[in-house]
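Below are two complexes that have subunit A in common, paired first with subunit B and then with subunit C.
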Partner chain A sequence: MALPGLALVEQSLITGFLAGSLYGLLALGLSLSWGLLKLVNIGHFAMALLSAYLTWYFGTELGIPAWWAGAIIVPVFFVYGIALHWVFVRFRVSEMSSMLITFALAIIVESLIQTIWTADFRRYTTELANQSFLIGGLYIPKLNLLACAVAALLAIGTWAWLRYTYVGKALRACAEDTPIASAFGINHKTLTYLLSGICAAYAGIAGVFIALIGTLAPNEIWTWIGVVFAVVIIGRLGNPIGALLGGILIGVCEALTQSAVNPAWAPLVSFSVLILLLLVKPKWI
Partner chain B sequence: MDLTGNRFANYAGLAVLGAALIAVPALDLPAFYIAFFYVLFHWISLATSWAILSGFAGYWSFGHAAFFGTGVYTTATFAAKLGVPFLLTIPIAALFAAALGAGVGFVVFRLQRLRGELFALITISVTFVLATIVSNTPIDGGLGVYLIAVKVPEVFGSPTSTFYLLGLLLAAISVWTAWKISRSKLGLGLFAIHDDEDVAEAKGVPTFRYKILAFAISSGIAGAVGSVYALYVSYVTVGDTFDVTVIMYPVVMTIFGGARHWLGPAFGAVVVETALYTAASGPDASIGRAVVALVLILVVLLLPSGVMPSIVRLWQSVFPLRRETPRAVAPPAMVPAKAQAAGSAAAPAALNGTVLACTDVRKSFGGVQALRGVSLDVKRGEILGLVGPNGSGKSTLINMITGHYPLDQGTIVFDGAPIQHLSAHRIAELGIARSYQIPRPFNRLTVRANVALAGMFGAGDLHNDTEIYGQAQHWMEFAGIAGRANDFPPQLNLHERKFLELARALAARPRVLCLDEVLSGLNHTEIDAALHLIRNIREGGTSIVFVEHLMRAVVELSDRVAVLNEGELIAVGTPQETMRDPHVVRVYLGEPHAA
Partner chain C sequence: MTSFGTWTRRGLFVAAVAAIGFMAADAEAQSGKPIVIGQTLALTGPLGQTGMVHKIVGEIFVDDLNKAGGLLGRPVEWKLYDDESKGSVARTQYERLITVDKVDLIIGPYATEGILAAMGVAQRYKKVFIQNTLGIPHLATYQGQFSALMIGAEPQNSFPRLVFKAYADSGFTPKSVAVVTSKFASAQFNSKGMEALAKERGMAVTYLEYDFGTRDFGAIAARVKDANPDFIWTGVLGVEGHQILDAYGKLDYKPKAHLYLYPAPSLAQVPGAEGGISQTSLEDQRPYTDDPTVKHFSEGFHEKAVKANLPYPFIDSQAGNSYAGWQILIAAVKATNSLDDAKLIEWLDKSEVQTVMGKRDFKGKFHTNSRDATQLRQIQNGKWVAVYPKERTLPETKFIAQR
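After this line comes the complex of A and B, so read on.
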């Protein structure tokens, strides 16, 4: 194993940073629903992948550009999020049961994708896909940069929304103590539906970028779980900016491992970070 | 028990069933049937082993495939590559899987918050991380491992029968283990952890150790099942071994059957596997998986406790259980602690009657200083009233004494030995018990089991059933709830639940009893009964620290009163003295205005 050169390290820092912001984007909806709704949504990954497949399908088979595909997918996912939350409310699903149900949903979506589009790898090639900015000898792919910008925009926007608007404050109050918040006149139910819809919409947005940037395979769902949940926990539940920063941290660590050791070991990085974190037990866990 | 005849019939029935099952391969049935039975046993073992931790203690593992896979690849490595005889690799596989389970448990089970969720997520990650490791190392290398060359001993003349018998053996061991655990101290502890882990710990259940033990047993069995499976399929791949169906099927089966009953997972496995087998002829595997996932959702939503409770009810309506009320056994008189006898020369403080000494106890939560250096002694056999405005630190002090939170600074000495670093269950075992302001009984255990559990795990250190249930009966009668012994706590009204709290605390045979607002919410008659009860407890030799807002009770009952305000002790003395203390009056009634 040779030590990578400085340029390689710099390049992998950039690649990791950009890939990590995509993790952050994926983690965003998950972190919000776990932190503020007390529902652990394993199905989030499946929905993101479904959105990615739909984007790819619209683009390659129907000739609908990715941006228009997103404009169709995101509202539909928003409605799905509301419907899912209706089920959770209707059956008074606990935090643990929510994991089981969404785990089963993930399996259903995986089977669906596999049945419709087979288990073959899919790749969505667009004109933008191979374009990069070349700055100081380092390549910055345009699409990744765009994904990073969107992730940052959504994370900061969501953070500001939670912090400064009435609706955001009400949501945080409900997460803290629902009965008390309700006693102060907060319409808890409506807010949770809204948030659940937003989380699902975020999965849709993440999916569009996953389709544009990555290679698609049905079992991708399971490789994300370890990584993105680590991101959510590192970034602190319900904290949008934390999710983004956690994503970037994991992304950079993975990229460094890939360039220094062996790409195959990358999945172990987030897991090791997570275990380390649990052993040290910082205050926010 | 005088049901020896009945018992004998049960054993005879089991023996006949066992012999019949063992004899099946000798019947020369088509291999097809034998294979079906093997697969059935396979799922019975996996589901039952999953339930030992996840069903009983409520920690849902999404990583059963990891432990199963550990077994598969242990055997693949030892038998196919190192030439170890197949049968010998089964216990090795079980051991490896159990060690992995214990290791994972060691990391996750120490957490205080989010432990259930993080446990689930860590177990799911372990599965995929393990898959990555196995496929990227020579263990598998990504191509799979052939085990065709491994010799399988032949029973009844064919390897198929051997697999059948091994499967049957593992299924029998799993169900027997689950049955045994559900009736043991470990099982009761796990059920209590499921209902309310913090309370279980406070009642003396060594929660950390129990969870690790249950997880190790659960993963060990999964490892053994994987070991046999490796040879059954004779070609193992990472994709098939660490598959999500291996995670999902046991969960579906267990929840469908009933996760808290020892037979539930096995029952669920039989029903679900038979259904799958009948349906398997139709669509392809991925559709089948989706259907099982859909069933899982429906079961979780519509039938969260499974079908087993209904079956048990039906069974009992046909064969009514002869339930005898155990005869009450009066507990032995309080024995003085060993520490007190041994330390008589070394620790004179213990002799002049101090049973519990808090010195400079400090605790803050974030920026809030809940206790700012409280020093307070509890004398042997006294009733110490602890009063103060809301938020003055009374409950926090009790939480410190009982080990619920670690303290920031200071010492707490109980019978001459420091206890501030001990975990809550150790403190409970040593003889400090508490009741909760809002009753927190174990809701899915009967009132009797709630009280018996405290006797089993507390300072009473009871071992045989006559003692445990006899004393539980005694304390239920003492607290006046013996009539509700077979009911579940949610069926009780508030004052019955308060008295259950009391009975539970007493059954632990504490030498110091902390009562947190036992009287709040009770009416006058109930309060009188409770005061009478508390005096009787003291007569039994227990020192009592009681937090109370009701001044009538405080004055009537206390030998001494300690007043806390904003985390500081502002007065200690007889009720009359403290109530006249100008500082105390100021705290309670406010600053007198200049006349």
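After this line comes the complex of A and C, so read on.
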């Protein structure tokens, strides 16, 4: 087996880093929901894909640019997140039940997408799609870089919000021990509605980039689940920066595997890394 | 004017009587219990886009068949189930079609996995089984199966040879080849054939596999660019070709010569796909459309495909294979005047059938065509056009071997 050249390794590192940041962006809402609301929201992937389809539809059928589509989708998704949480609260849905219910929700959304837009693959072709920065002989795709920047901004912003603001601290306190936090006067319910809305809005943002970068098919929901779950666990539940770093770690490992060994081994990487980390048990997990 | 008006009225009267007569005859022709033909297709799942092509073809064919008086004087009903792109679902649904729905005839599903699963069921019930997309002929060991494809018994050898011959005839001999392939059975099987042939001819080969369902092709594109081969054989299915081209585009890489094995037809409209080649047996162009049946099929397909929002609303090899499958089954029924599977199998074993892709027999191994009649098509100006061999192309069409 020939070793890959330096340029190939460098290019793969960049590709993996950027692909991984998209994993991180997708993982962000799921990590917060699972870690702080104790709800395993598989429907998060379905909503991200729905957002991607809406972005594509607005762009190709109605001529609305992706950024404006995002400005429409994100607030709507925020409201949806609140409504979904109302259902969970109303029926006192547990962590395990939430997984089953949102799994069903994901299937419904998949069927809905397929009914409306058929099973055809859809691509949103924009001028930016194939444009890259060329730096030192290495190509950095503009859209992937933008997605990475947005993922970093959201992860750091969310981390700072949770760490330094009253609302963020209150949310973390509720996640630690809800009755005690309530005894200190924290309005637990309102905060959880807010967080659920934010998680759904993050799915909306991820969807905009999925539409711009990827190819859309209704079953795409299921291709994300394994790897993003691994990212969420590696990054630690409820940790936004962890989700981003976990995504980047998986993305880089996948890309290096593809460049150095056999590209077909890439899907094994996320779970191999997860198993390895669970065995080693570093402090952050 | 009065005379013209009288003649017009008389003409209308005669036409009306004739129309009523034809309608009565047609109704008489289609009296009796319908003949039910059962099939599953990948209407959902990863193969859904191409499954939709087969659905449209089936609708057109059955509709035309009924308009022409049905089959054996009876109307034809097409019972279609969704196999969700899964072999296990196809197997169950064919059991259901045969044992619960008690269909008179079956026709094979789309794609290798489903076909192999359904063929086992057909064999158990000794049903005649026409399949139209099995890319690994040697797996079709059931004597009652007949392939509608124009490929020979060993496409993994014959098709790569055809590709190199086409390049050689154009004065281009690749010295290095990248074989990038999905691990989907038929794609991998045929790609291994290309790898073996390229090595046999002393070419430098870079062989890369990826899993069916891979999302990001950035690293694979980087490896291909690093190898910078003269020719890239891409063993893709469906939209994977689109994704690989996207990944090339981001690295500003333009393949010199490139092939896509089983692409979604809409690949033709992807930036960077221009010049890409693939296999074919039918395209929406002359000389194929000189045949009135193909022309009628082409027009009907286009109309329905536009309504169904298919991104590439033209007939191509995929639609042609599907249509040919129907033609073969119906030809056997008409020739034997029977729905008896044993009689149909016996007739097909010895006969030739005229299809939209040309006359074909089943004298090759595993009931394939006795000769591989696969052609090459190329993306030119955003549309697939047949380019090789020359006798099946337009005089003005040229095969552009490399950029």
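Here is the rule we go by: the second predicted complex is superposed on the first by the 270 of 285 C-alpha atoms of A that agree within 3 Å, B and C clash if a C-alpha of one lies under 4 Å from a C-alpha of the other, contacts with A are read in each partner's own complex, and residues count from 1 in each chain.
The definition used in the following text is that a contact is a pair of C-beta atoms (placed from the backbone, for glycine too) under 8 Å apart; a residue touches a chain by one contact, two chains touch by 3 or more.
All figures in this text were calculated on a predicted structure; none of them were measured in a lab.
Steric overlap between subunit B and subunit C is present once the structures are superposed on subunit A. Once the two complexes are laid over each other on the shared chain, residue contacts for A:P141 go to subunit C alone; subunit B is not touched. Of the two partner chains, both subunit B and subunit C are touched by A:P267.
In the overlay built on the shared chain, the residue A:Q114 is in contact with subunit B and with subunit C.
Judged by the touch definition given at the top, the superposed model places A:F229 against subunit B, while subunit C stays out of reach.
After overlaying the two complexes on the shared chain, residue contacts for A:V87 are found with subunit B alone; subunit C is out of touch.
With both structures placed on the common chain, the touch criterion links A:S97 to subunit B but leaves subunit C unconnected. Clashing C-alpha atoms with subunit B appear in just one stretch of subunit C from the list 111-119, 201-209 or 309-317: 111-119. Looking at subunit A, you'll find residues 114, 223, 262, 264, 267 touch subunit B in one structure and subunit C in the other. Across the interface of their complex, subunit C is touched by residues 4-5, 7-8, 11-12, 15-16, 18-19, 114, 117-121, 123, 125, 129-130, 132, 134, 139, 141, 144, 214-215, 217-219, 223-224, 254-259, 262-264, 266-267 of subunit A.
If you check the complex, the residues on subunit C that touch subunit A are 43-46, 48-49, 51-52, 183, 208-211, 213-216, 218-220, 222-223, 225-226, 238-239, 242-243, 246, 249-252, 264, 266, 270-272, 308-311. Considering their complex, residues 58, 60, 62, 107-108, 110-111, 113-114, 116-118, 120-122, 124-126, 128-129, 132-133, 136, 244, 248, 251, 255, 284, 286-287, 289-290, 292-294, 296-297, 300-302, 304 of subunit B touch subunit A. Subunit A contributes residues 34, 40, 42, 87, 91, 93, 95-97, 99-101, 103-105, 107-108, 110-112, 114-115, 222-223, 225-226, 229-230, 233, 237, 262, 264-265, 267-268, 271, 274-275, 278-279, 281, 285 to its touches with subunit B in the complex.
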